[in-house]
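Once you scroll down, you'll see the structures, which are given as structure tokens.
The same subunit A turns up in both complexes below, where it pairs with subunit B and then with subunit C.
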Partner chain A sequence: MSTKLPDWLTTSTPLPTGHQQRHFLAQNMQRLERLLQRFSQANDLARPPLKHFIAPQHKLLAVLGVILLLSLNQNILLLWLLLLGDLVILLLLPPIYLRQVLRQTAVTGAFAILLILPSLLLNANVALFAAKTLLILLNLNYYRTTTTFNQVITALQQLHCPNSVIFVVDITLIYLKMLGEFLLQLLQAVSLRTVGKSKHPYQMIGLLFGTLYLKTRDYALDLYAAMEARGFIGVYPAAPRTRQRDQLYLLLEVTVFCFLFLLGR
Partner chain B sequence: MITLDQLTYAYPSGLGLDKINLQIKRGEFVCFMGPNGCGKSTLFNILSGLKVASSGTYAFQQTTIDATYLKNAQQRQRLHQQIGVVFQNSDTQLFNLTVADEVAFGLRQLPLAEAEIERRVNDCLVLTGCRQLRERVPYHLSGGEKKRVALASVLALNPDVLILDEPLNGLTPAAQHEILALLTTLQQAGKTILIASHDYLQIKTSAHRFVVFNEQHQIAYDIDRTSLATKPELQKELALL
Partner chain C sequence: MHIPDNYLSPATCGVMITAMAPIWTVSVLKVKAQIKTKKETVPLIGVAAALAFLIMMFNLPIPGGTTAHAVGGALLAVLLGPWAACLALSLTLLLQALLFGDGGVLAFGANAFNMAVIMPFVGYACFQIGQRLHHEKIGLAVGAYLGINLAALTAGIELGLQPLLAHTSTGVALYCPYGLKITIPAMLTAHLLIAGWVEVLFSVFVYQFIKKAAPTTLYQAPATAKSFKVFYGLLIGLIVLSPLGLLASGTAWGEWNNHELAQRLHTAAPAGMTHGFHFNALFSDYAIHGLSLPLGYILSAVTAVLIFAVAMRVLQHEH
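Let's turn to the complex of A and B:
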């Protein structure tokens, strides 16, 4: 290491600035940055956990059941009944969750309605379709908001998914957050060294994703090695004991499903 | 040069910084210390314009840096040129295909002649001891080499302020010494150096001022080297951080 500084480094004359126009990449970078920031903070939100609620596998079955019913049936009474049921379940939620479910449904629902708006004006039957879509979105958002990643794993396990499938889901979930944070820092590094106009913005996208790919591969290999080192042999531990309340809920679920299915025919 | 007034930053999960008051003059060499999670990286993110304070103000060269200021691309880019940052994790700071491209990345965005760019890249690689790495892929370098390349690529833009987040972690004592020697030379040439470190014994002869955070994200001590020399108990406390 030489410690004799070159002349240009000892003066503080500012560099000539490049073209100032904001290009496509910079704009998208900020958008992506905000998105990722929200994503990487989503897990840190201070909310009371919903531990002793409905068992995750039954919740999953219920959501799938509702989607099935809605796609197979044309009965309007059925829609009202399902909506009633959903409202009851929603009212049991703590307000923080309730607000989030409703907000997400409003946002995703608005998009969906916007998409089918033209046909909505032409054809009355589409109104039924729109109502169904909203109900499905409501149920999906309910599931998404009230279920942690770990509970999704438990649900898959309880429904006797093969271990290899669970493993893939598990790994993906674990390092989605890590990769999101890595990409965020990468974008921040780029923005800190963006002092003018980039001559090849598309080339830079390539460089970023190349780096991300290399990191992904290393993460996956490291993660598997670390899990093996801690005694992981590809089998997930036995599921927690099912509670009586969960059994009752399952019975209720099946009865309601059959009833609604027959009603809708 | 840098003035923070009652600056607070809150993450959704809790505080990152709590009512920080701080003044830093041009040419200072300041070391930020404190337990993990006390807010050093958060402070650096605010100083470099990556984050905006939740309340309180941050002024750089008498200009208030806030969301409106940073929205203007020209102003933001000027701030980025004047404040260079070496991240705690250099993995995320290197994304080009060769070390030479990495160092030239910022320079290539400016209306500079190719010969001038080449000269600066060379100078920076020599200064940081990376000349033999020129054509290597940054991703596959060792941790210490990555740190040096990151430093070289930041120096290339000739920033007035150099921020280094725990740059000594993972380096051999000899490499730590070389980096600190280079930082001292830069400081003598008029640069302002802000560094976060846990290694009081290694850094005590380089830094002129120590700003120590407590676990509540506030400043516990802000003390210069001469006053610190008269307080052996505080020195012991810092050595244990």
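Let's turn to the complex of A and C:
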């Protein structure tokens, strides 16, 4: 006796899912995961640790100085010198970081160049502008790839930023991870449980971010309670003392900046 | 709307950061006052900055298949108060510039002015007007739309001014190569048509949810008399500062008289202007005969303010 499957079992009827909606949820989950990866320690352990020759505050100052020099000057020789300097610094990086810096510069640089291409019609000096923009992007990407969140906070501390600002920056970085994880879990839960189309994707967004805001408040209240319980009076732990080597480095930095600035004039 | 580095001249960046310094100072003072009544505000700003970051990172679907993201300036102003929102958004922009490569480091002042000042304050003002007319949601929607578009307009102006401000002797632009004619329409069309509506829908839906789920967490504005005091203070400050206009040598762009215009054009002024209508004001060029120029400026400012005040009084309803 042969059994024949009923017709409805042999034909597949796909669930009416909102394709676009799923797409944007998945896309956002990917972006969030990438953001959270920057915070994960496992990620750091997988890569060779970077040797930091200079203090974080000097690194920040150096980046600011180079960007300022690049945008102030129109001198090709100066751009060339800075490029050579950048290349030497890039050579010192382990390959895994080097690839990351170059990849990010290529992607962001492509966008920047696409944006200024139409100005060729306006007879603008696109080549110089593009070269300067690419160099700035290279420096910025180098900074963000080789600097950890803690180093930024230390740099701000050493540069005598008010305690309250550093404290708030610190909270932001910590809770960026916490809220990011919370949002990722929410998104995963939503994408696992929703079947079919929702009336309007924005209604769901209202729900997602409304919940996230309430969570924000909860976190803030808990944090304040914890701070109060531990006797927090608004003073942040004192900044580590600057070493003499750092002071010398600062002097060197200022000299090089002035020299390059005068050269570029 | 994040302006990258090298699109604005360093001078513009400097001016924008200088303009932001007093705003940040006032924000910190305002928030300090807020902390006295609501102590959890300090950690809240930090956590709210993280929230703002996530809002700006979250791509929303728009019909047609592409995506856009909201900034949430108006929404944060309604949830936390405009001053706290200004600080939280500035902080987010700082971290984005330093750690995530979004927006320039030198252009931070300009970006903060567009997104952390214009957006929350315009949004909040519209929300308050809406609240008075008992249509909060409409107020917020209008505020979100106006805020993001005004911010885009300012960004367009900042970018479009660059070819005028910084160029070589042959007239080739050194920074952003596009003039106002290109930057303003480019910025505004994208925001008027798409990003503005994304911002409106985002703000309204989140606000609706919070209003329903936890209405007590919304920011309550302090008594209005106080905010008027600040307004009067600002007005008096501006009157006192009005002679600063004298520091600028030359006449404002487009405000030349015929003689100056002829000098600039190197030919005679257009016929239509020489034969046109001439109005001789009582205090021409803010100079009153027999008075020193700065004093004339201050008197002109006071007169203008008083005339406006009288006009407002005429239009005011009787209580």
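Following the convention adopted for this analysis, the second predicted complex is superposed on the first by the 200 of 265 C-alpha atoms of A that agree within 3 Å, B and C clash if a C-alpha of one lies under 4 Å from a C-alpha of the other, contacts with A are read in each partner's own complex, and residues count from 1 in each chain.
Just so we're on the same page, contacts are C-beta pairs under 8 Å (C-beta built on N, C-alpha and C of every residue); 3 or more make two chains touch, one makes a residue touch a chain.
Keep in mind it's a predicted model, so treat the numbers as computed, not measured.
Peer 1: Could you say whether A:Gln188 touches subunit B, subunit C, both of them, or neither, answering first, second, both or neither?
Peer 2: Only subunit B is touched by A:Gln188; subunit C is not.
Peer 1: Going by the touch definition up top, name the partner, subunit B or subunit C, that contacts more of subunit A.
Peer 2: Here the partner covering more residues of subunit A is C.
Peer 1: Once the structures are superposed on A, label A:Leu262 by its partner contacts, choosing first (subunit B), second (subunit C), both or neither.
Peer 2: So A:Leu262 meets neither subunit B nor subunit C here.
Peer 1: With the two structures laid over each other on chain A, which partner does A:Leu91 touch: subunit B (first), subunit C (second), both, or neither?
Peer 2: neither
Peer 1: Is A:Ile136 touching anything from subunit B or subunit C once the two structures are fitted on A? First, second, both or neither.
Peer 2: After superposition on chain A, A:Ile136 lies in contact with subunit C alone.
Peer 1: Please indicate which partner A:Leu207 is in contact with in the superposed arrangement: first for subunit B, second for subunit C, both, or neither.
Peer 2: both
Peer 1: Which holds for A:Thr10: it touches subunit B only (first), subunit C only (second), both, or neither?
Peer 2: Touch status of A:Thr10: first partner only.
Peer 1: Take the contacts of subunit A with subunit B and those with subunit C, and give the residues found in both.
Peer 2: 20-21, 207, 210-211, 214
Peer 1: Inside the complex, what are the residues of subunit A that reach subunit B?
Peer 2: 1-3, 5-6, 8-12, 14-18, 20-22, 26, 41, 44-46, 182, 185-186, 188-199, 207-208, 210-211, 214-215
Peer 1: Along subunit C, where are the residues that touch subunit A in the complex?
Peer 2: So the residues of subunit C in touch with subunit A come to 4-6, 9-10, 13, 28, 39-40, 42-51, 53-55, 57-61, 65, 67, 79, 87, 91-92, 94-95, 98-101, 104-106, 168, 172-175, 177-178, 201-202, 204-206, 208-210, 213-214, 217.
Peer 1: Which subunit A residues qualify as touching subunit C in the complex?
Peer 2: 20-21, 23-24, 27-28, 31-32, 35, 60, 63-64, 67-68, 70-72, 74, 104, 108, 112, 116, 119, 122-126, 129, 132-133, 136-137, 140-141, 143-144, 147, 149, 152, 164, 167-173, 175-176, 178-180, 183, 201-203, 205-207, 209-214, 216-217, 219-221, 223-224, 227-228
Peer 1: Once bound in the complex, which stretches of subunit B touch subunit A?
Peer 2: So the residues of subunit B in touch with subunit A come to 11-14, 48-50, 73-74, 77-78, 80-82, 84-85, 87, 89, 91-97, 105-106, 108-112, 119-120, 123, 126-129, 139, 153-155, 157-158, 160, 178, 181-182, 185-186, 189-190.
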